[in-house]
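Listed after this line are the structures, all set down as structure tokens.
Paired with chain B in one complex and with chain C in the other, chain A is shared by the two complexes that follow.
What follows is the complex of A and B.
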């Protein structure tokens, strides 16, 4: 289990670091193996910072991130870090800038071999690469030996996932991996995440696109300005949203079968009929606590000032 | 009829030959119509919208005609187009976030732009203020530099500026793709408001996001590999598409408001053809599950039911 335990990230900004900016405030959630967790937020919400902290690209200011019980900030030394990266890997948004255009795309595999699998014989390595490519449904004939510009965005992105799979990882941090892809290839990469989940991988799927999160995830975490405002099973968060911010997002996403006004009217009607709201409302003006309130089994919401409507 | 495009062909010049990026679309746009123009990258949607404003150095006009409100638009003649640009046909560019001069205050930049087009700034100042307020901006923004504004604010400034001379046709090129979900909706609804207030007569909204244009457009036109695939009222495109490409594209898009659990959608196998030497016949043939021998002949873009045009032999 990849567990975020009241994790905060504070950046020093301004001249000589005189100001502090809280990018993430006491985030508390977990990613289990065989599960996709969608981390949804708008730009500046801190969603990518959370992913970076899990990959140790950014340090944790407060709180702990544990991977199957080990606090990852205590990992020191090349060997222990390597062991960690064997189990947790990341894939990022822009496949076109993730590669060095001077070298062939499959050099990313050779780099993994140089770092982690020096003793593996050639034949065995080739079999491993082919197996990884097969998992991401790429044809080795078409891919190996090509330069990045000869491959499509979808192919490059799948190649990066294959690279992560070479390491027999347990967890994958996927930060906006779909956003740069075309509509007809998007769904293939999304389905691939579903396949990996079925193979027992835990996936932290970071996105701004609610439709993608709704499609692929088991759990959803909504972040707003660094704080988690709502989290729970995906069908709960999308089907029965509680926080005004979640409602606002849901009423803004364009849908196919309903117009914006209809969605908004439905959410309003649901809210008017909701009696639970008084359980987690706050007096107006009070700062919302970082601790979430369990409104329903496994469905958490950050208490919010009552009267803060979907338009707030 | 506001806009009439007939058999327009615009190719890109490359060292290896011409890329047939826009290969003969023919369609019309009614007065007051907002048309969503959808397609994947390389479908020709951006080439089409750029051709109506200005052909850049690599683009070559090959044939066809464009008519706006009954007047021929000389898109092949860069100088003659000056009469139309901004005044009759205007565009909100794809990267309007970076479309403004960073060294000028916004008000100064707008004044300079208008004067350079032979319009006295004084004559439109009041209208400019009114419209800025309409899109929810304080007129104070005119005294600010672009860097001081958020992405959504810059987008709205450019929207107001592009339409200040009440053009007949507005092209909105991926205006919402760089914005956050909540700002996206506000900007999209403003486009409709601009049409309702007659700031622009008709509009082409170019996007890769069909669900977004479904929310605001009257009609949707789908392009594939430089050609038109289908054009119909927005609801028809979503609920009863006839072209196999449109069908597959729509069924490949996840949305909110549906519970998927373990249910999986399917993508479209293969990738679009290269346009340096495009295949003969229907260009979707190689990826189409319905393809047969007759698809080796190019299907015409015909009206199958009123207002519903499809280019497919199989679309009964």
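What follows is the complex of A and C.
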């Protein structure tokens, strides 16, 4: 289980760190094996920072991230870090900048071999690479020995997933891996993630696209301005959204037959009609706490003032 | 030159190269290097002067400061570059001078490049307080008045050799290289492939050497060439104001002596023209080479 326990990320900005910027505030959730967790939020909400912290590319300011009980910030030294990366890997948003342009694309495999499988014989390694490529439905003949600019975005992205699979990983952090792909390749990669999930992988699926999140995930976490505003089983979050931001997010998916003004008016009317005072409503003017309230079994929401509407 | 070379079929040529590109990036660079006039001319001049500097001194029986000939002879078959007012063979001096000029360039430029690249890469990649400290040191060295410092050092040193001079030049010329490389490394280290290298378990030095440096190899080479040229000029300048090596010979020292003994006024042009031309030729050819190399390594320039 990859567990985020009240994780915060604070950046020191300004000269000599005179100013502080909170990118993530007390995020609390977990990714279990064989489960896809969709981390949904707008640009700048801190969702990528959460992914980077899980991959130890960014440090954790407060709180802990544990992987099967081990605090990952205590993994000091190259050896222990490598053991961690053997189990947890990431794939990034932009397939074109994930490859070093001066080298061939399959160097990403050679890097893994150089660090982890130094004493595997050539033939065995080749078989392993071919098996990984087969999993992501790529033809080795078409891919190996090519430069990144000679391959398509979809091929590069799947190649990166294959690279992660070489390491017998338990968890995969997929940071917006689909947003740069076109619609037809998109569904291939999505279904591939579904296969991986079935094979017991835990996937942290970071996205800004609600439809993708709904399509693939078991659990949904909605992030807004660095805080988690709502999380729970995907069908609950999407079927019965509680937080105004989630509601706004869900209704802002463009619809064929409606203009945004209509949608917005509807949203306002529905909010005004709901006069029930719920347990998670705060007095007006009170700052929302970071701790979430369990509104329904396994469905958490950040308390907010009654009648509040999410301001952009 | 082109006539001697077997020219590829003009029709088959481009396809042949295009097919060769993916398999052999090294040969690809060589292919363009051998067809780049600037690079060829530059390296021919630098190469022949280098050969002269390395080999010629072995054929002379006399040292550069020995008085072996009648003074003030014009260039002739026996004394190719003539002689000085003291009867020293200027060609012997020139060959020794070229040798020490290359030594200063390689040593001074090399030391400067190593320090500059190390500081630049570490500051740019690591960032944070390491970056701030290294930046501070860089800026301090950058504003040091080099000449004044050298004057003070020279006062304490009994004899100055070429190695000592190169060391000093190398230790004072690296800051601009560090700053330039830092900004490049800073921009490259935020790329996703650097993160991917970290996810592959690469250590910091490996990421810098294997992922960041190869992406700016032509830039690094250019830095070295510029530092080389800068060191040669700095050494010539120091020699000229009388802070050159107290033993041995250099092109700057030749000019210093020529001016000191009134070669200009006496019309002994063969005393100061060879060293001046030598310095200009070495530094100028290096710059031309640098432009050529940029065309070889930068595909955008190459296609023109």
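By definition in this document, the second predicted complex is superposed on the first by the 285 of 312 C-alpha atoms of A that agree within 3 Å, B and C clash if a C-alpha of one lies under 4 Å from a C-alpha of the other, contacts with A are read in each partner's own complex, and residues count from 1 in each chain.
Quick note on the criterion: a residue touches a chain if its C-beta (ideal position, glycine included) is under 8 Å from a C-beta of that chain, and two chains touch if they have at least 3 such contacts.
Everything quoted here is computed from the prediction, not taken from an experiment.
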- [ ] Judging by the criteria at the top, classify the pair chain B and chain C on chain A as clash or fit.
- [x] fit
Open item on the list: Could you work out the angle between chain B and chain C as seen from chain A, using CA centres and rounding to the nearest 10 degrees?
Closed with: 80
TODO: Tell me which partner A:142 touches in the superposition: chain B (first), chain C (second), both or neither.
DONE: neither
TODO: Name the contact category of A:99: first (chain B only), second (chain C only), both, or neither.
DONE: second
TODO: Answer with first, second, both or neither: which of chain B and chain C does A:252 touch in the superposed model?
DONE: first
Open item on the list: For A:260 in the superposed arrangement: first (chain B), second (chain C), both or neither?
Closed with: first
Task: Which of chain B and chain C A:150 touches, first, second, both or neither - done: second
Open item on the list: According to the stated criteria, A:214 is in contact with first (chain B), second (chain C), both, or neither; which is it?
Closed with: first
Open item on the list: Going by the contact rule set out at the top, does A:57 touch chain B (first), chain C (second), both, or neither?
Closed with: second
Task: Partner chain in contact with A:78 - chain B first, chain C second, else both or neither - done: second
Task: Nearest Cα pair across chain B and chain C, whole Å - done: 10
Task: In the complex with chain B, residue positions of chain A that touch it - done: 42-43, 152, 182-188, 190-191, 194, 208, 210-212, 214-216, 235, 238-239, 248-260, 263
Open item on the list: For a test of understanding, state which residues of chain B touch chain A in their complex under the given definition.
Closed with: 40-41, 180-182, 184-185, 188-189, 208-212, 214-215, 238, 248-250, 252-262, 264-268, 271
Task: chain A to chain C touching residues, read off their complex - done: 16, 52, 55-57, 78, 81-82, 85, 89-90, 92-94, 97-103, 108, 111-112, 115-116, 145-147, 150, 160
Open item on the list: For the complex, give me every residue of chain C touching chain A.
Closed with: 22-23, 132, 191-193, 195-203, 211, 214-215, 217
